[in-house]
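Dropping the structure in here first, questions after.
Should a chain be cited, it is by its letter among A, B, C, D, E and F, assigned in written order, with residues numbered from 1 in that chain.
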């Protein structure tokens, strides 16, 4: 049996140094981010809990009757460098997700259990609307960067898990982009064709200035 | 108002030709596959149903008490070129998912609802075992290419959705790779250190020859 | 000198077959497009004119006093696989480029000659506005996927060349996406917080239905 | 209206932390460079001027009657990670750009205004010469890594903007590579087939030794 | 001749700052690793020896009559960011390389000189065995992530050079993964279908516990 | 034992369709090439010989006493999509490899056995020469796109294997690019600073016109 023990020693010595860093690159989120993500946490400090996200349950709904819980590279560092992340969404009856886009991420919605229905849709760059009412067991793909929306169109809660094709997707909410900042109202008006009164009303609502 | 109508005409004419193909590339699965996926289906033939996968419900469990339903680029062509796909898994009480690896895909398990528990784990290339018993609302990352396994360790059914970092992940099941083909038994023995009797027994079980 | 002639023969024979295809991949635009562009035109059919785009001069301005001339992979096949394309823009005095986004392309504006000024800006996903009035010799970067706009803020014409980080960028014009199709008005209203009268007015203007 | 204010609070709190870093990665050029560029500057330190390059005007011509002004990731940090950069070139009448190559960048020349003509060309790896005399409004693609050259072939100044498919392209000028360093003359001679006298003359001219 | 001296000065000043970093990115292995490799060593500290690996000769064979010498990014920093590395292997007569996989690297074996033969093979995810006995001058491709093996099937030594499609490939040796750690024996048994006695025997041999 | 037989049936049916295409993409070289390589050969037509290259032995030396045998994607289709290829080189005593560059490929030289020495070098874009005389067991990295050369500087044959970071590298030989085509002599002269007599002599030697 001696030979095999030697083999073991040989192979272990060959592969033990830094080797875990080869299999994965758990984010060291305290280090600076780069255009390709975070540096790798030292393998000696990685534990099984780095690969588990245990907070993926929704809190109470907000005033709009929906809750949103992200699981992305910043709170789930095992996702570093993988190019995707998750979120859990739960909409109370009647809730609406406002028009928005993810500037650099595809979104995939996996409709959860229950009798409620989730109606969602996206608009392409040639202005075609693709909309669908999802029921339990449906998956829906929203291509990268396009404006899209959703609302609970059934009775009771509508829930789902979403996948984003980015480790930390950004969200551009249309109304906040137009009315929730100091962009000059005259610029909003002439670049969106909205009436001045409408811009003023929504600037007030979304606490924008200008 | 004339000017805006002209703007409309101008912009629409600019962006209408082939434009949907820019926003997405739904697979034309009848065409030949390449190392980067399928050619794009003509946008004029794409409908909203190309973006919806509606069969994501499990069939009855197999003899081992688990069912597995893939949603990948071949049955859900909107996933073409996106680099990920899904599967739904449901394990009856006591079911086991045998030791296997995905040669070129990370796997992420999202534990489903219910009282059951799913115990899963992977083994790194320096032979460290990372194992965890998941409950509802847990997510677990299995790095690319590593041997891993799972079993229902609780009472009742355990279900979940898995994400794979590949549009069409392959699955290398250890026992099928070693015993389910014509690989010469003497080669299996000397490269795995298994006893000849053990190899013979499993070759018989998995219908291998050699 | 014989040896060198032999060298020549040797090297030429080694490198002549298909070699041009190695140096470049001019698009065969009649073949089907894939998620990574077009197949390569046969090198034997490639001429110097495939590398030259000679139509990059603006036509007369449209009703809005601006013209837009793209040079992308579909009319300039040498750009195939390179990941960028161009456009020439010329705005008459007072012209406005409406609010829009490029779902998967960075844009870079290179301000052209002349006394006129071009004011442009983009809005980030945390709703910060970055805006600047450009003069001749300025370059401005608009990050991928974000809403942005522009207008001629000076006297006389404002012209420029734009680079897009895509061989065939798509353009999502906000008003056309919201009002230029059959998206149900009630959905527009609840997902944008716009008043019904405003939606109705712009639906009429942009010839949308629903 | 209360609900919308809550929505605002909800969304803003969700998206505000680090969010600008998601939309862009402006180079922190003082930090060390990696094979994929620079780390991202902290979003809180980014201003609109990071997205503007305002020095893109040529200085006086050099002794050869041309000027060259780069706008790359080192002086225009918004280009970090984008994979392209720019330069402005102006050739006085009769000026020549010597034979050179960009080891890892495609080049695109956009011919500027004026009556002058710019003649440029590249040589493929099967030794075919593609050459063209450009006039205002022409674009010319020079594939990655190939030897190429240019000269003002008309009357008056010839100017243009060049795009490089690299955030910081390198330039290998043939004569400097062969004659402007300490490469042993005998090696130059036998690997280029140039006569010793010619090598000696150009070594003297370009201040090489050896 | 003055003009050319000025050209020289012009061009050298343009291209000298940081320029070596553009041509290559030699690893600074003392800095932290990221998912895309190491930061670049300062060009001023790079010498020709960074591009040379001089230790690529095998030591004495181990107890199993084979030796393995890696040349990867950690001991040959010029490989940083290139996506490949090398190893030299020498098998004495009768030696066996045990069943293993490289979780994220293709392997290519280049059979070395000598009368000996090297028999190698891999198993696909549909359980097909591709096996071949190589002689001097043969190259063999083992696709990424698949189980594979090898043994010296001839007389005398068998040697070769292997290329890996990774700057630092990891190695998952089947027996060490199953039996060389603390993975519970009952889990090994039910996920591999091996008999308890076989698992116990190999756990003892490979010094595993559990 | 029945359950396991069912498992087998279950798993095999799940994974058998098209699965080999997932593990590899052997080139169908008769189909048209794209910017990312060839389409995949149907897995049912792939045999073990597709993974073996058996012609990797040098023919007789040419008039310059060296031979060059490529193993690239066109004669070894298993390399499709992998991003690298090989060549075998053998230089008789005194042989020289002329100054050349690979426009889009890193080269790595692995010095072969024997007493002879191979002297090689490359020139960076800031005109620094990195040169080294290799002996058996040395590896040398030549960064992408840079001019480089080599010669047998010892007694007897010098041989080696080269790796290229491209499935089908192109080769731009300096003298053939300058003198082996119809590039106008006056253009060669003014863009290279070579004397007219030198250009004429080498144009004659390399059979160029112009």
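Quick note on the criterion: contacts are C-beta pairs under 8 Å (C-beta built on N, C-alpha and C of every residue); 3 or more make two chains touch, one makes a residue touch a chain.
Just so we're clear, the structure is a prediction, and the values are computed from it rather than from any experiment.
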### Query
Using direct touches as single steps, what is the fewest number of steps from chain A over to chain F?
2
### Message
Measuring between Cα centroids, which chain is at the maximum distance from chain F?
### Response
A
### Message
If over half the contact pairs have to be identical by residue number, which pair among B-F, C-D or A-B is the repeat of D-E?
### Response
B-F
### Query
At the chain B/chain C interface, shared numbers over all numbers used: above half (same) or below half (different)?
different
### Task
State the superposition rotation angle between the two copies chain B and chain F, fitting on C-alpha atoms only and giving a multiple of 5 degrees from 0 to 180.
120
### Message
Using mean CA coordinates as chain centres, what's the gap between chain B and chain E in Å?
### Response
27
### Query
So, what's the distance in Å between the C-alpha centres of chain F and chain C?
36
### Message
Where in chain F do residues touch at least two different other chains?
### Response
4, 12, 15, 19, 22-23, 34, 36, 98, 103-104, 124-125, 127-128, 131, 143-146, 170-171, 173, 176, 180, 193, 205
### Message
What's the complete list of touching chain pairs for this entry?
### Response
A-B, A-C, A-D, A-E, B-C, B-E, B-F, C-D, C-F, D-E, D-F, E-F
### Summary
Seen from chain A, its contact residues with chain E in the complex are 1-8, 10-12, 14-15, 17-19, 21-23, 25, 28, 31, 34, 36-40, 80-81
#### Entry: Residue numbers on chain D that touch chain C, as the complex places them
4, 12, 15-16, 19-20, 22-24, 48, 51-57, 71, 76, 78-79, 82-84, 86, 88, 106, 108, 110, 113, 124-128, 130-132, 134, 136-146, 161, 163, 165, 193
### Message
Considering only the defined contacts, which chain C positions touch chain B in the complex?
### Response
32-36, 62-64, 68, 70, 74, 98, 103-104, 166, 168-171, 173, 176, 180, 205-207
## Note on the structure
Residue positions on chain B within touch of chain E in the complex are 96-99, 101-104, 121, 123-125, 127-129, 131, 143-147, 149, 151, 170-178, 180-183, 187, 190-195, 198, 201-202, 205
